[in-house]
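Chain naming follows the written order as A, B, C and D, and within any one chain the residues start at number 1.
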């Protein structure tokens, strides 16, 4: 085999190099200017993100363990952008809190290796690679969740995440072993041919499904979400809420649409049930939250429920709409988390009623927040609306009108709690509103990027058509 | 291939192990022992892979390979988990699971 | 830039300009200029329309079609017929009047006018769009600013009302969304491509089962905005809490989206569904008409009275639409316009009275005619127009509705019409009670001496609204013919 | 005949109204008074000219008074149904034109004196012009819808004028009452119109009334559909008559008329005596062929009876009232009842149609002397500043003109020859006698009562014992005296006009002869009434109270107008306001709204209830996790198949 084909792993290789570079830098940069490591990391990753957009052909490596297509390539770029924004938004926090404790580099190393895991997971061609990717993407995040070692809730979050993740992966491993038993192979391509509808397969599917459902935080596998988001550093929470969720959705779709095609009759209904449960539970819990992080955690649970409406379509349309929605969702959610980050960094306040009167002191921030929330709630003309609308279209095209109806009911419920935040920011005056402050460059950049995304992605229609074209490759 | 022992018995065994693990996970009060239960779950599937490979598809080694990787990952996982638990222990001087209930509702 | 898209662009430009304004003076000036331009465009459009119609007899004129989301066959299609032209004119006038009436918005003036104009954008867009998707987007754009407008600048239990209003309307639009998807996926019944284009879908005959299933969704989705009983409860609280200009725009324009949508989408695309569900919804509408009127008798808060009056009058619109004949539909459209102007006037006047006496409780008011002659006189005129006095638009509308309703061959419909007709007496009762209580009789307001007279901007705002009311009332022919001929293509589906 | 100039007759008052109404604050009172009078005068002259042209020059074509119509489409309902605006010139419309313009002119002149110094002077004249415009439009209407439109306008101008003293609560409520009661009656009118529109496909009087000369029956096929045993057209007519009854204060819609006296007296003279209140009569006359031919005049009978009963009823009440304007109001009601009765008993062809003629005749004469009575009463009130008999007496030496004119009017209404009332009333009784004996006797009795109550107040005002007036009453200024004299003259001569040649049901005209026996009876009855009044009220004495007692209950009821007001009050306040409106308002708040609320609150409640699930316990989560797996597995492996 010629090594040029390794270029198909360009993303992975470059990221690996960056990780190594950072470790080296950690060794050589003197103690008193450790701060520069942040700039370095963001710079390097920025280059990586940019380079990622260079074109790349499809191909398969290691006898099918690793594969890449236009879609996968595109999605890796999406993840990159997301992570890049997260880095921008957390730069100040790192500078002020983490670097002081000499833990700057590790943060990047961990996050990047988790991202590396995602890469492998989404371009995995067999269950072994998939499993490794999954674990590689999960474990570092657990470490990150527990990163603020001085905070008790942070360690608590870490414990909860690592243990439930272990349980999930254990269960899904058990499922995989069953699938292996019925199909005699762990390669997706071979499985797709061998697989047949029988109880063992169904059981395997269900067990396997839980592993990803855990990452996407679908009900009833979502319980860790809120606690971990609350305990973990905000940047980690936002990473969990968009990046790992997005990647998991991606691979789940690939598996369901290709490998488990024969079982569609089963998993359709499974998705149906889970989707309803997820939407309702997510919304009902989000209703009463006071802490912004928990609030966003449950809202993201609900969003996951909406995503399933696209998955249930089971065809190219569904795939495209879901990817599109995930893209939009990444931007919207990161905008919200970014604002939370900025405020909690300045004032340490994370509760909704701390935001009262925010508009009158910090109009820009609250506008960003409002856009983000509208996008999450699906109010036109911001991107979120289009994302949701297309998801519903995908579901309706298969005739799931009842499901769509219940979904729109949930949209209304969700609108209620999103408006609660807007109420706090705009309607209320507040006794002691958060004083006016200006964020640093990185944070501003991060927020501006997200806002651009929120506004442009919706109205700019060619993007969706592009995604739709790409998603042909996987079907 | 072990003479006189059919795959069913072994699969039953692994399933039992699996559920022991689950049971442990749900009932143990000590984080470490919960971790151990997770290991049990993992090992159940490790054995599964090997057995299935050996009994059903002896000509290729996919299962066996898989199991090796699982063992490795499980080790890493344990290490990480233990480190986090230790970190928790530093703060609250306990590794009881009931100590990790600050965040709820 | 085509003549219609300007209706969306100009408000947006105004909004952008507003972003850079410093204080109230600049903000209101910019807003006023923007709205004046819009009014000019609207008037110009009327003439342009007549000129165009002479040479081109397609259903919609000035149509433009831009592909948006290729794969879903979503287009940005715009076009107008006589009805949308009239509606655009209404909107332009009410918006301008609203700007005048809110001349003295002290708190966050910039934001206020921005939200107001965003609302206007949505309404304009809704009236010009022919594509269901675009229509829906504009629909929601029009609704959502209400939350801020009521919540920030409102009075009384504003947060509660704002939340209630937004949730009920958005819930309705959610139901509507399902209905639209249903139409979309049945739009290829004749083997064509899926489309959101209303005119295309109208050519397709959607299977009866689908129509039966989706008509209620579309109808209710829109009709909630038209205060259909029993989904009208958002409107009294909303109106009561909203600031004056917002009540004007909301009752005057936004609520019209309901009837308009029912007419454009539900009736046009799902005629068989309309016939199938006719009796059920007709009864609801008739209840709304009488019920609203009776509920209004009992209220003591000026705004509540008007809110319930609106329930009654807009109930009449839905009622007429369900009569499924040209005359009644003509009446429905004219009623929408007339009610738009009149209720806007009422809310403006209430705003002025409230601004001076600081109460809206009719038991605390009395004999204002003596101290506020202009407001008093206009109030009486508005009241008379509202209870359907000849010479004002209300009469034209109601007569069309009643005659149309009574032309219906079915006895049941005619009986319901008689029921609806009886509402005019009840209307007279509460209007006269109101006028007699607050305008006439002995003075009851304290601090009588220092009630300022109406200012120039208030007068301008009022006259803007009064002129069309009288114009329609005295010379209805041009309007009713313009609407009548535009209705023609829409009625076809229902007739056959 | 060219009728285009007739448009000017209503348009001039409209112009005056707009002129005065829009800048009521700027124009000086004196000026506005002149503007009003001049405008009215020109209309008056025009209508006189028109009448002359029609009746004596070009109206009569081969022995029949033709209808001249000029109309323009105002609004289209359907291809066939449309509202036209236009003028319809025929005998009754011209007769009404003369009545309306002349009375209106007189009232304008009178008001210049009567309203002097009132701060709403200009407003008053504006309203008067508005009313005149509406009334003229109503008179000239060519179709049902046009008449309805002006009908409503008349109603509103009456509302405005009754509520002219809008700071007086009583005036406000009277105005409200008048509007709402008539509005309710108009509801019937409107529904009637709708029925006509639906079943006949037209609103035009021309088409509706068209009579086939050969068969001598209605062209229009009224038997097409029937409802509850009656032709729908009959229902339509009855409902339309309901509207007419409302405006003309027939039972049971009469209650607004007495209260309407809250308005300034000239207004009462113009609107509530001479013109607006006879609109109902005019409406029936307008549709007379339909009323007559459809189902052999079933509807017409109703008209007759309603008229007869109202006249009797009102006359009885009038005797007991002490507010002179109210007495006049009830007398108006009773006289209009007369006219209705006359129409009701009338036939169509030739001398058959004497009732129709008589009713129009009486409408004409009554307008004159009743306006005169009101204006006279006005000048009395102007002098003593009170409406009540008890504050008056012996005024004849202070205000001679008023006295004489009032006397003339009283004689006229009492039906004493040769005054106008005698002739018209005689024709009415003739018609009644020929067609419906019972109504005839009622009519005669009412004639007597009329004479009695009219002279009761006459004596009460101008004779009897003098009261001590805080400042001695004096004769009214010329501006007020002139109209009195003019109208007095009319009241004397109007009876001599040979109406039967000009205004008849079939427009052909016929020779009317005095029916001496009937006339004699009527006159004697009238004289008796006067004599009784003389006995009772000429001198201050206690006879009246004694007899009042002897009537006991009847007197009490009559005094309280048979408790109609209380009845209405009960219906509106108790039934509509408390029994319907209040429950609906409650229902809206507590049921409809509460349901919507409930949905929201329940959602929040549920989310509160289930918060325990998120217990924060790692192992609960794990349990939920496994439970989820088991459930899914259970569902899809066992239940699904």
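Going forward, a contact is a pair of C-beta atoms (placed from the backbone, for glycine too) under 8 Å apart; a residue touches a chain by one contact, two chains touch by 3 or more.
Everything numeric in this text was worked out from a predicted model, so none of it was measured.
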| item | value |
| --- | --- |
| Separation of subunit D from subunit C in steps, with touching chains one step apart | 1 |
| Chain nearest the overall C-alpha centroid of the shown protein atoms | C |
| Remotest chain, subunit C as reference, centres from CA atoms | B |
| Pair of chains joined by more contacts [C-beta pairs], A-B or A-D | A-B |
| Computed distance of Cα centres, subunit D from subunit A, in Å | 79 |
| Subunit A and subunit B: spacing of chain centres that average the CA atoms, whole Å | 27 |
| Centroid spacing, where centroids are CA-atom means, of subunit B and subunit C in whole angstrom | 65 |
| Rounded Å distance, subunit B centre to subunit D centre (Cα mean) | 98 |
| Multi-chain contact residues (two or more partners), subunit C | 167 |
| Touching two or more other chains - residues of subunit A | 159-160, 163, 167, 171, 226-227, 288, 416 |
| Residues of subunit D touching at least two other chains | 600, 611, 614, 616, 618, 622, 626 |
| Full enumeration of touching chain pairs | A-B, A-C, A-D, B-D, C-D |
| Touching residues (chain side subunit B, partner subunit D) in the complex | 22, 25-27, 34, 97-98, 100-105 |
| Footprint of subunit B on subunit D - complex, ascending | 611-612, 614-619, 622-623, 626 |
| Subunit A contact footprint on subunit B (complex, rising order) | 18, 21-22, 25, 31, 34-35, 38, 41-42, 44-45, 48-49, 52-53, 56-57, 60, 62-63, 65-66, 69-70, 73, 76-77, 80-81, 83-85, 87-88, 90-92, 100, 102-105 |
| List of subunit C residues in touch with subunit A within their complex | 68-72, 74, 133, 136-137, 140-141, 144, 147-148, 151-152, 158-159, 162-163, 166-167, 170-171, 174-175, 177-178, 181-182, 184-185, 213 |
| Partner subunit D, residues of subunit C touching it in the complex | 164, 167-168, 229-234, 291, 294-295, 297-299, 326-327, 367, 369-370, 373, 384, 389-391, 395-396, 399-400, 402-404, 406-407, 414, 417-418, 421-422, 424-425, 428-429, 432-433, 436, 439-443, 476-477, 480-481, 484 |
